Structures are given as C-alpha cells and as structure tokens.
Amino acid sequence: MTSRTRLRSAATFFAAMLPAVVVAGCSGVEGTRLSIYAASSLTEAFEELSVLFARTHPAASLSTTTAGSQVLRTQIEQGAPADVFASANPEHMEALVAAGLASDARVFAYNELVIVVPLDNPAGIDSFEDLPNARRLVLGTPNVPVGRYARQALAAADSLVRPGFVEAVLDGLVSEESNVRLARSKVELGEADAAIVYRTDAASSDRVRTVAIPPEVNVRAEYLIGALERADRSPLAEAWIELVLSAEGRAVLERHGFDIE
Amino acid sequence: MSWRAVVRMRLGALELDVDVGGGDAPVALIGPNGSGKTTLLRTIAGAHRPDGGAIRLGDEAVFDSEAGLDVPAEHRHVGYVPQGYGLFPHLSVLDNVAFGCAARMPGATRAERRARAREQLAELDCEYLAGRAPAGLSGGEQQRVALARAIVAGPRVLLLDEPLAALDARGRRAIRAFLGRYFAERTRPALVVSHDARDVRELGAEVYVIEAGRIVQSGRPDELAGRPATEFVAAFFDV
Amino acid sequence: MRSPARLPAALVALPILTLLVVPMVALALASSPSDLAEAVRDPLFAPALLLSARTTLVSLALVVAMGTPLAWWLGRSTSRTARLVEVLVDLPIVVPPAVVGIALLQTFGRRGLFGGWLEGLGLQIPFTTTAVVMAQVVVAAPFFVQAAASAFRGVDADLLTVARTLGQSPRGAFFRVALPMALPGVVVGAALAWARALGEFGATLLFAGNLPGTTQTMPLAIYVALESDVRVALALALVLALVALVLLLVLRAAPALWARVGAAAVATGGGPDRSEEAGGPGGAGR
C-alpha cells in the first residue's frame, strides 16, 4: 500500500466509526424512548401520529422503522430492540405472538389493493383486464404482505376475467421488491409499466396514476398492532397503541386512506 | 562507423544541450550527479524525444527535429544496458539473451534463438549461467549477461550506463579488465557513462564532460587530466 | 527471544481479529449438515448461485479487458489529466451502492439520459441480466484499476526501454515485459474486483431488480430468504462466505505461487526442446 492509500484507509475507517460513536451517545433518557416498527405503507400515517403523540408526551423520543412487514418480523425474531410492531397482515404478527414475542395484537386498520401506472401510462393500462399489457410488472416478493395479497387477488381473477389471466400477467413480471414503497418507486421513476400496491400508497404519491381492482377479486388487507414482549419494553408502548386505536388516531388513518371498519 | 548525437531538450528541471559523437572506439561520458548522463543515453536509445537536434548512427539518421524524423526505439538498433543492468526477472538468463535475438532473427524458432543466445553467452564466458534466474546472480554476472543480451541483437552503438557502479572492488577490477579487453579486441561503437577515472583510462576512450546539461570539455583522458576545465574534471582525475 | 514490542501489538490486534473471524465461525456453526442439504435443494439456491457465477465471470472479464489499458495509462502517465481520471475511477468506491444503482437508472433507464435512444434501438437494460453485469462492473472496476495501476507503476521504465531497444514495439514491451512483471498485482486486483462483484447488492437491487433466475444474485437471494426461511439464508450466506474465503486465499497465495511457477519455468527453461538444456551446471532458480 502506498502511504496515500494507507492514509485514505485510515480516514475511511475513522469516518465509518464516527456515526457509531455518535449514536452510542444518543441513547436518550431512560424511559422516554419508544421504538416503533411499522409496515412501509404506514409511513405517512404514523408520521402524523408521532406529531400528535409528541404533544401529549413532550419528553418522549420516538423512532420509527419502516420496512416490509416480513423484514421487521425477522429482525424482531433476531432480537431487534422494538417496543411496538404494526404489521400489514395477520400472518407475521401471529407468528410473533405464537413465539411469545408479542402480545395483545389487535386489528387497527384495513387497506385494499390498486394498480398504479406511470402518469404517461406507457403500457396503456386503463382497467384491471388490461394488466397483461404490462411487460414490466413489479410486485412485492411472495413474503411481503403486499406481494402475497397481490398474488391472491390475481389468482381469484383467473375465474373472473378469463382462465390464463394470472399466467399472462405474471409473464410480464420483471422484479419482486421487498417492500411496497420500492415497488411504487419503480413506477414513479417510469421504469415499471405497472405495480400492485395499496390504495393508500397510490393516494400518497402524485407521480402515479391509479387503476382500480374489482372488489370481487380485491383483497382486504388487515393491519395488526401489538406491543412486544421485552424485559426493557418502553412504558410508552401502551400509550402509543392507545393513540392508534383512539378516535383521533382513527381519523388520521382514515385521512391517509385506510379503512377503519 | 561513426555516430553523432546533437540533443536539445528539457526534462523536468534538467536542460540538456549537447553535441557528442564517436567512431569505432568507445566514448566515455562523465559528469556530476544529475548532469544529464542517463537522460542522454535514454534519449539516444529512444525513450525520450528531444525538443531539437539530430541523432545519426552510422549512415542512418534516427532523429532529426527539423525533418520531423523520429525513428522508434525498436528500429534504432542500439544496445542499452541501464544502471542495475535491467535483466528481466521473469525470464532465465538464457531467455533474457534470447529476447535480444528476436529482432535480429525474424522467423527463427525458439530453439534457434536459444542456440544463438548460448553462443553469445559463451563469447562472454558465462554460458554456465544459462538456466539461472537473474535474481540469484552476482553483480558481475548480471553485467555480463546484460552485455550479452545487448550485443546479440547486433547493435550499431552500445550504451552502457555506469557498468561498474553496482560492483564490489574485486568485481570492478574484473569487469573493468574485461571491458577493456572486449573493446580492444573488436570495433564496437559505444557510449559509456562512468564516474570512475580508472574505467575511463582503461577504455582508453575519448571523454566528454557534461555538467548541468552541457558539455564543458572533451578530449582524451590525459588531455583532460593535464588541463582540467572545471573543478569536477580536476577532482575526477585527482589532479 | 521475544521482543518487548510484540506483546502489545498482539493485544491491539485481538479485538478487530475477533470481530472479523468470529462471525464467520458463527456462520459456519449455525447450519447443521442436514440444514445445508435442505437449503441446497431450495428453489432459491441453484438459480442464484448460477446467476452469480455467470454474471461475475462476465463482469470480471469486462473489468480486466477494459481496465488493463486504463490501468496501464494511469500507472505510467504523469499528466494532471491522469490524476483527475484516477479520482473519477475511484468514485464508485466512495459512493453508496444504492446511489450507484439510482445513477445507473437515471442513465440507462427508460426515462434516463440514454433511455429514448435505447428504446429506439429496441433495447431494454433495467430488469435484465445485462443490468446485473453493468452494476457489478461499475462497483468492481475501481478495485482492479487501482491495484493494476499500482502494479504497472512499479515496473522500471528502463526495463521497458531495454525491451524496446531489443526490437519490441510498445505493445510487445507491454505484453512480454510489463505485464509478466506486474502480474501478481494485477491478479490481486482481479480477485478483489471479483469478490466485490460477487457481493454486490444495492446497485443490483435498484438498477436490475430482483427476479429469480434473471436478476436475483446470491446476495439478493440471501436477503429474500431471510424473510421466509432463515436456514436457507444461512446456507446461502455460508456458501458465499466460503467462495469469498477461497478468493482470499488465492489473493494471498498468488504472489508466492507465481514466484514459484516463474522460478520453475526459469530453471527448466520452460517450453519444449529440453535437449537444449543439456550443458552447464544450471541449478534450480531461486
């Protein structure tokens, strides 16, 4: 190694260490921190709820981690320091409850699926039946709730639209994303012809156009929230769940496009 | 055969402006460190392109700035032995010398080239080194191999940069005597850089003194010793 | 007789050594042989392994083919342009892979700089295996070019001049003298580039997408497997780690191996016509 590369390596090493040192020092006052793990589709709604929560709990320091529910579940199973988990489908929450990692899980919102296409609609998809036109279709992976729901809906459509519909649609599949927001972003960028995401994701983006999925095949996504069983679980966990289930919380969720009943 | 190099160039901080030449007998080039000796040798070999001047080797002009002529190094037919001898570490002694045969013997098989290389090594009394790796050789042995490699290609002019510098006292005496004999026995135009007066006297050569890129004196060794033009010349011949 | 300076040095090295080695050991211990056997049969496994093998080999070939002339120029040139290019070549190392992926999308995507042009030619790059190779080339090339340039830089110019005076064209001097001499460094660079390509994740995910068989390389498969069957993820991770380990060993052994091969070739004079070497007390090369 020349001395130039050696110096650069040293500098990179210390630069990489810096965030770790800084973060380690910011653990916050004991008892006022709250770590929420939430499905990606809840990003904006939970952001607004955090603001509300801060008004009634000014000393609280909130951190929200969003990702595909399956990723969060795996992290929690591996010991991630979360206090509350909000999942986009029952399966992942029930798995945690069965493993004794979560308790008292309750349904708090519902969602449904839509197709999103780029604003200029390059594949000319104007209705659900047009979906096979998409030669660049993006779905969620089979494990992320939105991916699983999408495949359910497509399977149901086989009998409704025509046999072979699912096959024709999946023929245009070019990528499986691990969370719904990644799928949506491919459409926003214009790279994908279409993606199947939640209605709430379509609503929160002004760079996509929505195509409805018939209610006969559509899926009702159930969102569950529960506190995680940890020795040092934050006492604020219950307070947060209370807020989500309260009238105020439900109003926020409804405003972001979720169904409450 | 005669040769002449008129070179004007700037390389980094060095400004070279020289006019040197020789005939069948070797010519010595002496001067303080950084005066441009190695640069001149490399330029004649074709590693650098002068800004101005002309280089003629025998009948052929290999460089002429006014005519826009610049013959590439591989066609100049010079033999260059740099400081440190420049043996290729990844080839055996035999293959190092055979490397030099390729140009002289186009279309020859590897066996033919190796045979010729062996002959050349024998001429310099080092055939026994044929299978060895350069790294394991003594300075004197490397010197002779490098010389063999340069010679086998049939060069018009030999360019030797401090051929004795890396040797111990015994090696220097041996190689000095060897070179003296070598040049006495045959006509081989050469430009030899040296920093030792004994080498110069042994070669019996015409001498050019270069300081800061310019020739400050030239002539036979006794002439220089008798009337040194600069302090360096005086010190060199220990006057 | 242990020098007093040795003991503190060992203590200083211990923490980081532990951090580097123990996780690999833990990974190896995490899977039982039956877990591994089952994981290998998982439908995720074989396509990802084959895809990684195919794409990284192509990427490596491209990196070496295109990177060698560049490395040669960078290693021998003293111009300011060369120094600037060196910084540019280093960019993909300091830029996060995800950013590289987005940048590639913005260049070759449908709405990217060359998007319309590519579409006109009937070409699509995102979501294809080509995109995987491109992402790998971009992130791996700097490692190769840096190492190769350094190796070329170390070749004494005088040796090249000698080669030229012995009748070699500049190209001949490169292939017969410079490259053989620089080879250990060049090989190390290639191994580093290959390892980087093998582990590439972020740029691939964003630029090429994630589709089994087409764009789902090993690192992507591990990520997806983590979400469904951790055992498969562990097995994939172990295989990838083993491949990386082999590469590392090649890296360390390459210079020594090369020296031994070279010396053996030198000692025997290499090639056909051994009858030539009958005479002389030629010993084994050093």
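Just a few scattered comments:
Should a chain be cited, it is by its letter among A, B and C, assigned in written order, with residues numbered from 1 in that chain.
The rule is simple: a contact is a pair of C-beta atoms (placed from the backbone, for glycine too) under 8 Å apart; a residue touches a chain by one contact, two chains touch by 3 or more.
For clarity, every value in this text was computed on a predicted model and none was experimentally measured.
Ranked by number of C-beta pairs in contact, the top chain pair is B-C. Placing every chain at the mean of its C-alpha atoms, the farthest one from chain B is found to be A. Put simply, the chain nearest the middle, going by average C-alpha positions, is C. We define each chain's centre as the mean of its Cα atoms; on that basis chain A and chain B are separated by 76 Å. One inter-chain figure worth recording: chain A and chain C are separated by 36 Å, centre to centre, where each centre is the mean of the chain's CA atoms. Look at where the CA atoms of chain B average out and do the same for chain C: the two points lie 42 Å apart. Of all residues in chain C, none touches 2 or more other chains.
In the complex of the two chains, the chain B residues touching chain C come out as 42, 45-47, 72-74, 76, 78-84, 86, 88-92, 94-95, 99-100, 102-104, 110-111, 114-115, 118, 127-133, 135-136, 149-150, 153, 155.
Within the complex, the chain C residues that touch chain A are 105, 109-111, 126-127, 146, 150, 209-212, 214-215, 223-224, 226-228, 230. Residue ranges of chain C in contact with chain B, taken from their complex: 156-159, 161-169, 172, 176-177, 180-181, 262-263, 265-273, 276-277, 279-283, 285-286.
The part of chain A that touches chain C in the complex is made up of residues 2, 5, 68, 70-71, 74, 122, 136, 138, 141-144, 173-178, 186, 189-191.
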